[in-house]
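Note that the chains are named A, B, C, D, E and F in the order they appear, and that numbering of residues resets to 1 at the start of each chain.
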């Protein structure tokens, strides 16, 4: 084991942690004043619930040796049994197994927190807590297993996913879509304006997400090395470019320079570069960032005119940003991997398989979980609670 | 000296630093609007004052070689004389002495900032500044010396305190209690509602405290090694569990899911795991976290019904969380130390001694300092200043 | 290359990054409510624009081998061509060249963001974006080249600038002054009160700037070593002292303890220690911090009574803080460099030359750029936009 | 001319507004107030239990109407849209107005409403 | 019926409210305003010195009372509880009210107050 | 005595205030409201395009004046300083006041204004 790598991954874990409070502000600021606390509560409670569930079973399902078929891990790491301070060379021989576990835990937390998007302003909080406990175990853990797990089938297939484009972003994007369809739109959706109530919160969140992403992508090298540096540089370039392009597109449409556009674009860039971060050259990061702005801008525009109230656009930004990122990895990968531009045209296809299977799995299974919970306890708050605002009615608090 | 350890402890120092601004928001948000800035000012001025006092004399009293009896350090490091960029192997041979000094400084700062709790909404700011200068030198430094100092008596006794359960939390908790008794309750306490005015600030503070605590507990290993990893994992698990349990307890009492409960519980978990962080297994962290939620919940409930206006509950959360953490370390320590569960039942007793002596010392000495200052210049703002709000009347500023 | 150094500089890069969002809050909170978002937008857009410009040409002008005369770098690193994951020993053999590039990029970003000061509350946002693109390339890059670049003339002269006192602070301070003179005061300046609308934002920004500065100064050692530790300790001491002194000066003038004074003083301390951080002893940092509070306090007082609406005082704080820091380095440097106190009285003179040339260059060139842009498209928003507030009129958003 | 001042639950604003627009009202202003009345306060949750906030968020709606409009109809519209039947629904007050002027045009009197 | 509108110092709200409750007043509304008057402004402290804010935070309290209540007594209660004797204590204005309606029950007139 | 209530654009406050002070007005109060009227709403920009906010920020200015003052002059002053000529300039309403009391001194009547 190496001190430098331990130091690096440990701090990166902290940075990924801070993304979730960051998301609480990013998302919270986009909502109406009466539901800000609830959104923050969903993000913060994700930290607690995912941690406990990961401890008990989530980590084992994702990262214990495969039980056959590459679909899911076994029970070996139940209650973190056997996960100690020695290295576990299957994943890394440079850092303690516990560190790998907690780094991965932070990924699980932020993924689950992003899923708060379609629940915004109308959630039955108790149902949300139950939902995410189940979702973590039967959606997130398996997909993480496929891509990164010991024996996972997508890994075996050769799919490239540097820091979680598939596992985190496509997954959460399409899960959010499924939930949005089950839970239905907010009362007054597209009739009343539902303007963002606190733009500085959005920007604070953006700042924290951005620095967190350095840990997310950089740390995914699992070592303080050149790959980590490359990943971090690419992350920054893609986000910067995407934010700028988004703002400019919007300027041509509205004549205003929207800082929400700048932030949303930056986020899209961060998403898109995630699977590619350690595999591509900086110039490719610039292109990936520029293109994702256009793609997600289109997706978000379409969504916001549709009947689908996927309120904070996890689908448009994480889903579509993730898809483009996965494909782009197949196009541009040139560092420690091959791709279209280095003559391996099959990689795009492999990436596409990963994308499609993930979409189908997460969409279908999430939809079923949501439906079942909705049947038994209702995913939504009562109409009156929704009117008054979730903050007061469910949390007994207000901003 | 090792680059990895320097890098690690240096960054951890930064993380511990950010806890104090975090606390400013955590505490500030819990107060009425007219006193938010004052609370933040107390936290930020603690940074300045403690730094200067630490430079001049505080570090020397805490960490210079003992002057006999294990009670206090001498004058060797006055003005940081002789504290240089070489390692000082008494504390660590892996990092420069200056780095150890500044890491410890950040601990002193956050401790002093927590003490703002009983001064909330009624402080004579000038008296506060004088109070903390004295308190640092004659309460904090000696206790730090006992536990961690070269020749400290509690260290010699074999008391375990990984990252400051006694020095920081029990100490500040009972000091706050003493101050609360001297300064007396706010005008209107328990008559008028004194509801929290900015819950998002509380959550922002929580996020910063949490990531800071990774540096606090992880960095206390003073090296980028397995112990640091274990400490960090345990920190995260205890906080997550405690927050969840607290929120659930409160749900059974009120029918609401309070995010303040989630945050306060999380904080209690962070406190309780502090002395145990590098000594226990993750499963024990889970238990420590779960139990502390109940203990601190009880303490806070009792306190808030009592006549004691220890306004932000440093006593209930840090004091009681620290006590439980210290005892729990005696029960569960199994990594690099022995305890009840590994057959060393004496450790619980050793821990108890540490707890009791700390409580008595800090309570008595703090009480005396507070009384004396109160006599000479008044700890409290005038009644009119309190009515109008400390922000406007003492700082000339308002939110 | 060394893992520890990579880990360290990479995380420091993240910390310097967070300074810009921090500045967005620091600056934003000082303005009237109707212009907060605009200020944040200027800071965040600086991230995007500087990143893209740095990628294309800025880095090359600053750090590519000199094209002769020590004035500017050549075109070798255009589009980051040849800037890869290998070390580039001219700057450091411990870290990848890409890491050095991105660390420097963060410096460029924060410098450009600080320049938003004189544009506050009256900017034509489009002109701002064009302005900073040009300014980066023909003001920032050359000055960075002089001081740190391969072949830079000030470096050759022996000027000491540890982390950018000249390049960042003096530069941006006098550039801001030039812009303020061109753009003219806000409507109602010195007639209507323009009170700060969100002091907690200022403090949040301060917290982020402070921790970021650990990365800024510490990371400038480009290695996890004793110099980094010294730089970080000095940074903290200077900031703490300066904040305290500023608050006390103001207390004697107004009878109030201004937290804005504490924060502004802290910032001045951070600025002043920047060029000296790794070269001086902690006691010197204390003196540097104490003195800068008085100097910048004077400069700010003078400025705010003058007709010059350099609205957020980049000139008074960064400009004057930087000058004092540069001179102080010539007085107190004793670690790895010589100075007045170690018998090298010429160093003060060398420092002075650096200061003067930088002031003249940045002031003149910035003034010209500003004038030209003003002529062609107007640096200022229209009168009506200024009245209504830039947030609504240019960004279509409001807090 | 009369001014109708009514104190309503915040969540009823959109309904009341739409109702009034359907009756031909064109102008109105609203602001956030805190009220005391027969509604005893709202329970909020703190760190370890409930506390009661006596001052309850309400909206104050001000609508100046011309005498040509049937005021009872307007009142009924407000009541219909703001009523929940539980304490705290609020009150409506009618205040005489002597004159009204439109700033943009300097026009005076009922017709500007 | 009359409406009492008074502008008071924010820190006096609780005292005034309690005083009024003791006199049998049940309903009132309050909101935050900024005022100008004989009080010349409040001094605040900026980065290097004082500046004066002319608009001072005040609370506007609105209480509609029935004619059965002795209005002078109410006014005195307010004055007693809101007075400091220094400029800026505020003013009380009395405004006629033509009618009052309770939204919850549709009741009209003095009795709903 | 009369109360002038006017709804104006927020950016016009300082101008209106100065104008009124020049006419000898000493006291006034202002608060933030949201209004609906002939101005159709303000366009804001979201993540991918515009949306319209119907409720527009306005300021409500309240000035109680003594009958000794020429009210038309005051109204004209307000109009002059608040007018832009575009929809949304706002309205002025005149309301009768029965009495006025200064809390500090208990004085009553016109002279306290």
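Going forward, a contact is a pair of C-beta atoms (placed from the backbone, for glycine too) under 8 Å apart; a residue touches a chain by one contact, two chains touch by 3 or more.
Just so we're clear, the structure is a prediction, and the values are computed from it rather than from any experiment.
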{"item": "Path length in steps (a step moves to a chain that is touched) from subunit A to subunit D", "value": "1"}
{"item": "Each chain counted as touching subunit D and subunit E at once", "value": "B, F"}
{"item": "Contact-pair overlap exceeding half with A-D, pair selected from A-F, C-E or C-F", "value": "C-F"}
{"item": "Cα-centroid distance, subunit D relative to subunit F, in whole angstrom", "value": "19"}
{"item": "Subunit B-subunit D separation of Cα centroids, rounded to whole Å", "value": "49"}
{"item": "Euclidean distance of C-alpha centroids - subunit A vs subunit E, Å", "value": "51"}
{"item": "Per-residue multi-chain contacts in subunit E, two or more chains", "value": "31, 43-45, 50, 95-96"}
{"item": "Subunit A, residues touching no fewer than two other chains", "value": "2-4, 7, 11, 15, 204, 208, 254, 256, 258, 260, 395-398"}
{"item": "Touching chain combinations (by label order)", "value": "A-B, A-C, A-D, A-F, B-C, B-D, B-E, C-E, C-F, D-E, D-F, E-F"}
{"item": "Residues on subunit D engaged by subunit E in the complex (per definition of touch)", "value": "2, 6-8, 31-38, 55, 58, 60, 75, 78-79, 82-96"}
{"item": "Residues of subunit C defined as touching subunit A within the complex", "value": "1-4, 6-7, 10-11, 13-14, 17-18, 20-22, 24-25, 28, 36-37, 40-41, 44-45, 47-49, 51-52, 55, 79-80, 83, 85-86, 95-96, 98-99, 101-102, 105, 125-126, 201, 204, 208, 394-399"}
{"item": "Subunit A residues within the subunit C interface of the complex", "value": "2-5, 7-8, 11, 15, 198-200, 203-204, 206-208, 210-211, 214-215, 218, 223-230, 232-233, 236-237, 240-241, 243-244, 247, 254, 256-260, 262-263, 266, 282-283, 286"}
{"item": "Parts of subunit D lying in touch with subunit B, wherever the complex brings them together", "value": "43-54"}
{"item": "Touch list for subunit E against partner subunit D, complex", "value": "3, 17, 26-31, 62, 64, 95-104, 106, 112"}
